[in-house]
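First chain A sits with chain B, and in the next complex the same chain sits with chain C.
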Partner chain A sequence: MSAKKHVIWGSTPGRFAGKIIILVIACVFAAIAGYEFWTLRHYKEVIVVSEDLTEVKWFSDYVPSLKGTWLDTPVFIFDSGVEGGTVFVNGCPHPYEPASTVAAYLMLENIKVDKGKVIIVPRANYSGSTEGMLGDAYPMFFHVDTDFGPVKFRIGDRYANPLDQWPDPYTYVNYPSGQNLAYQDIRNLNRTYPGRENGTITERAAYAVMEIIRQEGVDIAIDMHEAEILYPVTSTYVAPAKVLDREHFEETGEMVYVEPEKSSLDIAMMAAMNIGNTFFMKSEASPNTLHGLSHREWADWSDALTFLMETPEIFIDKITGPRTEALMTEGKDHFLQVVTDKGLTYFPYEEDFGTPLWYRAGRHLSGALEVINWAGVFYPEMEVIVSWPTYTELEALENQGIDSVGAFLHDPNDPANRDRAYVIYHKPVDVDDVL
Partner chain B sequence: MSVTMLTLILLIIMIAVFVVSSIFLKSPDISMVIAGVVIAICGLIMFPELGSPVRYLVEGLFVNMDLAMLFIAASIFINIYSNSGAVSTLTRGIVKYIHNKWLLMIIMGVLMLIPGALTGAGSVSIFVLGGLVDTVFSQIGITKRRRTVFIFFFAILSAAAPPINLWTMLMTAQANMPYVGFTWLLLIPIVIAGAVCIIYCGWGAKQDKTPEQILAELPPETPGMTWWRIVLPIVAIIILFILGLYLPWGLPVLGLPLMFILAAVVAFLCNPKKTTFKEYVGIINNTMEQVFPLVANVLSIGVLQSAMAATGVRGLLGSFCVGLPLVAIYCTILIFGPIMQGCFNYGVSVVLGGPLIFMFNTLGMDVTVICAALSLIFPLGDSLPPSRIVGRLACVETGEKSYLKFFAAALFPMLVLGGMAVFMIVKPAWFAFLY
Partner chain C sequence: MKKGVVVLFFLILALVPVQLFAAVSGDPIKNYDCPFLLTSAGQGPGSKQLRLLINLSKAFTLEKDFFLEDEPLPRLAEIDNPIVGEPYTVLVMVIGTTDKGLGASGITIEDEINNLKEVIAKAQSKNLPIVAVSIEQDKRKPGIPTNGNERIIDLVCPVSEWMVVLKANNTDGRFTEISQKYGIPLTIVDSAMDFSNLCKEIFIK
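Right, the complex of A and B next:
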């Protein structure tokens, strides 16, 4: 009997018991982690949108095949009714850069538009916000203190969730440039522009962004990102110096770059110089040969002036200390101070100050306003008169010991705000079902 | 206590647990998981704000899930192909028609490169061709020790050869670099080192048997095996690669695992032998036995990677490496790289490769060349304890009794490859024209 058992289990009873224990532990781990994964994927953020809101559309209004997918996402439109330019602001193309989303939420909740039209997408890569950065141990959520209690926001991944788009090819070939990129970039929204209407869902989301810019007649398009301080393009506006000659490309298939009629780079340079009095910012020309990125493809495939903004986000640097929620919201890290002291970073990092969330979001808020204002100066027909909280306002509140991000968020449970409360999800959800 | 001290303690704990566990369990894979879990728990005690480690440990399992699936699918293809008699028939054909020792060695070397290049695992080359190479080479007068060196060296070269070089893939994924441009950077040093190895192993060997005598020692010819049955499965996988590259927008994304499964179906259809369903189940079972250590390894790496990232150990190592003088790296990389490969297997890409890439990137050096060079150095560690996977397999295949004498004999070609790689690291700009 015992010999038979040995044959069946391939081991002694003691070892078999050990295997069962390991299996049980693995199941417990899987159950706990599975519950946490489910929580992140289905967590719904609620925001209170400004009274200036005129219309809510979805990516699927521009690319119908996105309806029902996890890359559908709401598009908020604020039209003053006064003739002027149109601004498009793209939030959360990379969900693991959360100051981009926070800045978009602060814009949405507080925006006032007196001239022209403003379009804001707070979570352009919704799918990517539903999973963590595998192997990088990001926290799932971070919290912001407000008068009405802590508000929880999700972080997410750089890429769309493989649950929504899988498998990856062995190399990703960007359309239509034909440039080879890393295989996982097929799920990277900011490598798939200008997108394809019938491509993968990430390419379709990229195409939806392009259609918003084209169909809504966007004049100024702004993409909000964060970058590691070991990366030269941190704290930077990136804008094209030259753009694709589309007619020539359509006739010959050859990519030739020409001086644009209206220069984004000139505006970026002026904005960087002007805002340099408030915080460190520089400008850089978008390379003609690096494809799939917003600052290249938006300009090449639409008539909009395009800008990508990077704030310093040390979590992306990877060589940080323990990766806690505080590291994400305060950005204080000893190891990066050591590296900065050796002159190896591209940002004047100081551990005592860190790179707090309010600072990064504030940079985006003021950085975007600066670009919009300068575009109006350069090209008066594009003028948009808009306001939202600025870096300086946030800084003033922080100096008083107030959580400045929370101070500009509104309570969705307040009956006065209830009509303006929106659930940010990949499909429409009634706010009463969430609150 | 400072963060540096706490993370240093965690690093010491990690190494101690890994060493003790490796000694008792004889498995670097399980040891990596245990080390990861232990530092995650210790990290939680030292930095309670990290919260439960369960989620990020489980997330770690998914970091290299695609690679694990690729291993399995590619190995199923190679084994079904080999079982059809294609490999042995091909070898018989080569012996029958090629009587020049050097040409025979070159062809066997090239053949040995293919399975590992397609699967990323040198051990697969040994499983598929090690026995045949041993038999053929023993008949042409090459000593057992030199045969072992040849099999081992071409197996590690095959793992480093494109298109699938796992060290490079892991490093590029960690550093957000595209996995493109590595083909010639890897192939040229491999061809040079392979040529050196052939001369080294074949020098002085005297062929004292006729081709007929050699053929009599090889597995018998497979009835019905024709050239097109041999070629078609390989052509199928090549076509799938080419279609993915040149018709990326006209086809659905297949992914590497499915591409190899489709090629395995072609190999199955080309099999002239009567093979029962039960026999195919046996082949797949054997394949799983073969690849299980590799699958375990890449999955374990992810767990350790997550734990190191979360607790700040990765940051400690990274910030230390970033600050190292270049000369120190040039002088020691050929020692520490292989030693850490021996300890962590592919995990070396995360533990050592990633931080080094950050460092060289910070210094503005060409990290594509450096990444390729590192991935030529790391495989040398497959001859070193505790794992010494490939060295051990080569010795088993030829019946070599003295591992130390084999290792001493293998040092010369290893130093040639390592020397070239170090030169690439010192002068990366000189090699940039290769991509």
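Right, the complex of A and C next:
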């Protein structure tokens, strides 16, 4: 009996007290960490949407079962009322590539549409933006300077939050290709296309994107990403050279790829060659056999011309120094300069300049406009006349010492903007409850 | 009078050689009769870019004046049995590996290089001249001889009779060095977009 007591309570009152202290300290750390996780998960970004806004829908309008989940997200529609093409811009498919979201916010706040319709989703993987990469230590937020004070944005993860979708399988099998992918890719929005209406919530979000493209009659679909400079496909447009013969697949189940009637790759190549005088950009054909990605599945399962854009983001390269907020917003790292000097990176990296946030967001802004313009040249019925800040405008402000991203953001607390202020969250929230 | 001056201006403009606008430098442009065969050396999208620029010139018709065949086995057959109905006068090889599709499509760089060796051998056996073109920006890895692009440059350029290269791809003098070593003419183009006008100078219908 006494031996049993010894095992449970220790031999002395001092040891017992020590254990209690350790437990209390652990609880304090857990509480601090829990508070930080809660803060990140529930932080609400507020933007001021352009006066050209005509309608706000949600992913759950296309896939009702997403309502109330953390993968529901707002869809902003700007319809000029003038007949033309329809553009879809997908922001934040991978939240840890935040120039994608920042570019989408700059579009949303400043867009003018004179012909056709533009649809913008700023946070396609909302769930993934509510956590950091598991096991990676880096800041939760980054800040942009504006004339109304610093504005805070989340950095986020690559995958949907495991709090929202769990457990992962041993191997993820993409539907309907049957291709085996890494287990965590079941929470990767850009590996789950074309999605399933009754699948996991990530697959349902992917299906919602497909339904937006199909139901809204999208002609030009653009997916905004960022990539490591040690990864070959950085600073690149990716577009399909061939697309799935859907009729043949439905009849036989066999995946056969054919030349499309209208070529995304031709447009991507022209856009890359033309914009190459402003910043380095190349083009790549989407492989027929790599499934689940937007540049493959959007084209295979809809009639839209599809494009994926990558900017250089050294924050997610694995060999950098400390992952600080400055690394995210300025992109200056000596280790990457060393490997670039050895010819091992796929981007002409210069540490003095880095890969600042404005540069990456500006590339997306002008990269998307270039695609839209060339699509209109190749296929006049798809013409969309749209404007938002460009790379060149951002660069000009930076040369004057002005934070160009902040210069194009509007103050949601300004009474003149208040009725256009919009909370970005996984469900509708009144702006007065946040500001 | 004013109208006459404008007409004269455009007349002079029309007579000025295209090269003056195309920002072309280096050795003189060579000429080839149609039809010509385009192919990729490395499976990158450069050959498709060149086809696009040729199409934009509106001067040539695909499957009549030229043809594009990138796939390894079909391009060998295409040299023997031209889809255009008559023998090709020149083989245009656009250098550039793909960063996205080579591995995923099941072709290795070794497969591609071995097939290119066969293509070159076949072209040489038929006295089909080879023009090496480098149009894709920053595909190169100077100083890394094992890089796919560098290996293909070493394979294709020395057996070509002319090289047409984007200025940005020769900043380290790589192509100039090959030109001097093998006595191969080298023409430099400032912008990829200039190829659209340049092709009208090169190919004769």
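Methods note: the second predicted complex is superposed on the first by the 420 of 435 C-alpha atoms of A that agree within 3 Å, B and C clash if a C-alpha of one lies under 4 Å from a C-alpha of the other, contacts with A are read in each partner's own complex, and residues count from 1 in each chain.
The rule is short, and it goes like this: a contact is a pair of C-beta atoms (placed from the backbone, for glycine too) under 8 Å apart; a residue touches a chain by one contact, two chains touch by 3 or more.
These numbers were taken from a predicted model, which means no experiment stands behind them.
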Chain B versus chain C as contact partner of A:Pro348, first or second or both or neither: second
First, second, both or neither for A:His334, with chain B first and chain C second: first
Partner contacting more residues of chain A (chain B vs chain C): B
Touched partner set for A:Gly149, first chain B, second chain C, both or neither: neither
Chain B versus chain C as contact partner of A:Thr320, first or second or both or neither: first
Intersection of chain A interface sets (partners chain B, chain C): 342, 344
List of chain A residues in touch with chain B within their complex: 29-30, 32-33, 36-37, 132, 134-137, 139-140, 158, 166-173, 175, 180-186, 196, 199-200, 230, 318-326, 333-336, 338-339, 342, 344-345
Chain B to chain A touching residues, read off their complex: 2-4, 7, 43, 46-47, 49-52, 54-60, 62-63, 66, 163, 172-174, 176-180, 241, 244-245, 248-249, 253-259, 302, 305-307, 309-312, 314-319, 322-323, 350, 354-355, 358, 361-363
Chain A residues touching chain C - in the complex, by the definition given at the top: 232-233, 236, 238, 241, 265-266, 269-270, 273-274, 276-277, 280, 282-290, 342-344, 346, 348
For the chain C and chain A complex, residues of the former touching the latter: 44-45, 48-49, 52-53, 98-101, 104-106, 136-139, 141-144, 147, 191-193
